[in-house]
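Shared between the two complexes below is chain A, which pairs with chain B and chain C, respectively.
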Partner chain A sequence: MQQIPRHYIYLLLAGVVVWQLLAPMPLPISPSTATRGLYEAIRAVPEGKLIIISTDWDASTQAETWPQTEAVIHACFQARKRFVIMNMQPPMGVKLANDIALEVGKQYRARYGVDWANWGYKYGYGNVLMAMAKDIAKTIGDDFYGRPVTRLPLMQGVRSIRDIGLVVEVTGLAGVTEYWIGLIQGPYQVPFAAAYTAVMAPGYYPYLDSGQMKGMLVGAKGAAEMEALVRSPGKATTIMNVQSWAHLLIIALIVVGNLGYLLARGRREERRQ
Partner chain B sequence: MREALQSLFLLRQAPNPTALAICLGLALAASVLLLYALHRLLGPRGRRWLIALVTFVGGLFFGLEWFYPARGHPSKNFLTDWIEPVSNMLTVVGAFTVGLGIYSLSQVHGRNVRLRRPGWHNSLAFFIAMVAMFVFGLWEHYLHLREPLPKLVPWPKGIYEILFSGLFAPLQAATFSLLAFYIASAAYRAFRIRTAEAGLMMAAAFVVMLGQVPVGAWLTSAIPAASGWSFFRLEKLGEWVLAWLNTPAQRAITFGVAIGALAMSLRVWLSLERGTFFSEQS
Partner chain C sequence: MNPEVAILWAGAIATLGVYTILYRENPISRLFEHIFVGLSAGYLLFTTWTQNLEGKWWGPMVHQRQWYWAFAPVVGLLFYFIYSRRLVWLARLVMGLFFGVAAGTTFRQFFPLYSPQIYKSFKPLLPQAGLVWADVILHHWIFIVILLTVMSYFFFSIPHEGRFGRGLGRSSLLGRWFLMIAFGAMFGNTVMARISLFIGRVQFLLKDWIGHYLSWFAQRAGG
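Our next item is the complex of A and B:
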């Protein structure tokens, strides 16, 4: 029981994934307090203020971060809140998020530059945020398409970080949150929320507990919960079915491995006696 | 001085593209000359002192700007207006490091191709991929600058989409997704209850793993959500483990890391860290 060849394990896992993709078993999804926090934070953004969605992720984590970004954008459009996408690392995230916003925007007949915009990739983490806090237009300069952001209608009246109503950071990269909280949320009291991959989320619970973070999406589960809140089941809901059975398979494998280990230990002790 | 620096970085918005190109060329030539002169004139000791000085001034600037009391509306101190040009300078330095990375990669892979070393075709693939992305990426970017925008999707954009969305992104996602198979296999082989602590860890892992997926809620759905026993529903139990057990532990780790980072930052700022800034050469 301790020696199942790894090829069989790979096959089993692939089988479970394919089974759930082809014939998903609908399972209940109930939004957690952390997900509700993010949803409510988006709805609470005052008229005239912008939401920044910082998409610091790339294709390696897109199974979780893509549906998270998609669900957050749905929530923004549904609540009629204007938002901007920006990205500090890795640069790929800004293009992927742009594709998502273009696709989701079609459903809401959203117009680029009026309902949403893309500030593009900005190099420099801390110094970008410090400069942005004082003067957004000067710091950002051009948008994703290379045109000056000052020409975008949605930027009218947006000068400094005080004109931002919420920052939502979607990331698979540790360390960016600390910049947002240290340089923007703390000193300027700009509401902050985030969406993380499931593996890194436990590290950020202290910020949620202290109230520095209004809400948090935890992995694909958080995205699926957000999809349930915005009543637009998508990728994450499907992923959660797959992940559910994959988790059960891994737990079963661990139990089988440990049963084998305990039986073998019992036999060894018998022989010794 | 500050205005001169700002105007230097605002050149990209200049209405005259020829003047912009000339200025960029001159700036690049001046940078190369300056770097070459510094390289020739300064020995390892001189370079170390120069880097230590720049590091110290940079750290002092950001530290002072942050902590020095600000007044007025919008609140500013005497350094605030310098933040933007200094940030632009850092961006330029960052761009130089990208150039340095490309140069270094080209050297390594160029040698592989030239000497037909084993696996040289991988190096050739690197050059083809880099040049293709560079050319079509830039082409696509400059198409966006055209106004009014073209109605038909131009072919360079199509090729860029194939390279980026059709190749690069799926390749990266596929590579990372292989981890799922390794994790499943590793968990089966390595996760053994040898001690009571390992048993406790496994119990917590099972609760969190099941609490993070809808099947956990489904397994314990027999417990009414409004009853006093609802705490034992797996999704609630999982959330409790993360919020009440994980949070204090993570907070303690964060405090420890922050103190360590502060000490490390001080050492880097004051150039006390051994092994940096050519200290091994001298």
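Our next item is the complex of A and C:
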């Protein structure tokens, strides 16, 4: 039982995934406090202030970060909050998030430049944020489509970071949160929330506990919870149904492996006696 | 061929090609890995130019006659003097500049990052207004015990001998157990993340790729 060939394990896992995608047996999804925190933070943004969605992810993590971004954008449109997309690294995120905003925006008849905009990929991490804190238009310059951001109606009255009501960082990249919290949330008291891939989320719970972070989405699970809150079940809800069954299989395999180990140890001890 | 169909086929072939690694190391999976790396690098170069350099450097230098921007790449190229023994000091000059900027930014970040977490670790250990014993024990006591025992695990300068040392040893052992539980939770999340990525790809293959043809056949049969 300890030496099941890995190919069989892969096949079993693939079988469970395909089975649940073709004939789903949905399990209930109840939003956690961390997810509710992000949802409430979006709704609490004062009129006239913008939300920044920093989409620091790419295709390699899109199974989790795509539905997270999609759910956050749904929440912004539903609450009638204006938002901008930006990205510091890797640059693919800004294009993928743009596609999501265009698609989701159709449902709410949102207009580019009025209800949302895309500031594009801005390289420079901390330097970009420190400059943005003082003068956003000068730091950003042109939007994703190469037009000066000062011409966007949404940018009227937006000068510095004080005109930002919330920063939501969606990322699969460790290290960017530290820039946002250390250079923007802490010094300027701009509310901050985040959506992380499940791998990196445990490292950021202390920021949630200390109140530096208003809310957090953890992997596809957090995205599915957000989809439940915005009442728009999508990719993450499907993933989580499948995920739960895949986890049951992995737990069963761990139990089988450990049973095999215990039985083998028992036999060894019998032989010694 | 319709470009959307071509994209679907490219995605499907690349996904299946990369997953051949599950059988064993092979040239097909290597080929798709290299294509992915090449595409990412090319995209990075393209977006760095269109989203940053074109508007912030090339435009002002060429169209607004801010000629002094021509010196920016000269400063950047100084890094390459690292390969010259005689002129390596030029590379050190520019590295020193970057170290200074990075150290200054890190120093500025440090206190806003960690001080709120330090304040929040001072939690009341007795019931207060709005806090009952159950809350205090469940949240605050457990937090403090874990915090202190895990911190004691990282005291390497005191030998675990004598009355105090043995006490520290027991506390550090408990701290190690708590760390193991935390690593277990992290590993659980890692498994969840990896399976999410796999489900995402299977979803693409089943619904977008095969699903596209199923709906096409269904339309044909219906029409």
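As a working rule, the second predicted complex is superposed on the first by the 273 of 273 C-alpha atoms of A that agree within 3 Å, B and C clash if a C-alpha of one lies under 4 Å from a C-alpha of the other, contacts with A are read in each partner's own complex, and residues count from 1 in each chain.
In this text, a residue touches a chain if its C-beta (ideal position, glycine included) is under 8 Å from a C-beta of that chain, and two chains touch if they have at least 3 such contacts.
Computed from a prediction, not measured in an experiment: that's the story for all the values here.
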Will chain C clash with chain B on chain A after the two structures are superposed, or do they fit? clash
Chain B versus chain C as contact partner of A:K221, first or second or both or neither: both
Tell me which partner A:S160 touches in the superposition: chain B (first), chain C (second), both or neither. first
May I ask you to decide whether A:A79 touches chain B, chain C, both, or neither, giving the answer as first, second, both or neither? neither
Pick one for A:T238: touches chain B only (first), chain C only (second), both, or neither. second
Quick check on the superposed pair: does A:Q62 touch chain B, chain C, both, or neither? Answer first, second, both or neither. both
Touching A:P91 in the superposition: chain B (first), chain C (second), both, neither? second
Per the contact definition in the header, classify A:G120: touching chain B only (first), chain C only (second), both, or neither. second
If you stack the two complexes on chain A, which partner ends up touching A:A137: first (chain B), second (chain C), both, or neither? neither
Scan A:L253 for contacts with chain B and chain C and give back first, second, both or neither. first
When you line up both complexes on chain A, which piece of chain C, out of 94-102, 112-120 or 130-138, runs into chain B? 94-102
Both chain B and chain C touch chain A; at which residues? 10, 13-14, 58, 60-63, 92, 95, 123, 126-127, 130, 141, 146, 198, 201-203, 206, 209, 218-219, 221, 243, 246-247, 250
Provide the residue numbers of chain A that touch chain C in the complex, in ascending order. 7, 10, 13-14, 17-18, 21-22, 58, 60-64, 90-92, 94-95, 120-123, 126-127, 130, 141-142, 144, 146, 178-179, 181-183, 185-187, 197-199, 201-203, 206-207, 209-212, 218-221, 235, 238-239, 242-243, 246-247, 250
Contacting residues of chain A [partner chain B, same complex]: 2, 4, 6, 9-10, 13-14, 27-30, 32-33, 58-63, 92, 95-96, 99, 123-124, 126-128, 130-131, 134-135, 138-139, 141, 145-148, 160, 162, 198, 201-206, 208-209, 218-219, 221, 224, 240-241, 243-251, 253-254, 256-258, 261-262
How about chain C: which of its residues touch chain A in the complex? 22-23, 40, 43-44, 47-48, 50-52, 54-56, 101, 105, 108-113, 116-117, 119-120, 182, 185-186, 189-203, 206-207
Taking the complex as given, what residues does chain B use to touch chain A? 12-13, 62, 65-66, 74, 76, 80, 83-84, 86-87, 90-91, 94-95, 141-142, 144-145, 164-165, 168-173, 175-177, 180-181, 183-185, 187-189, 191-193, 202, 206, 209-210, 212-218, 221, 235, 239, 242-243, 246-247, 250-251, 253-254
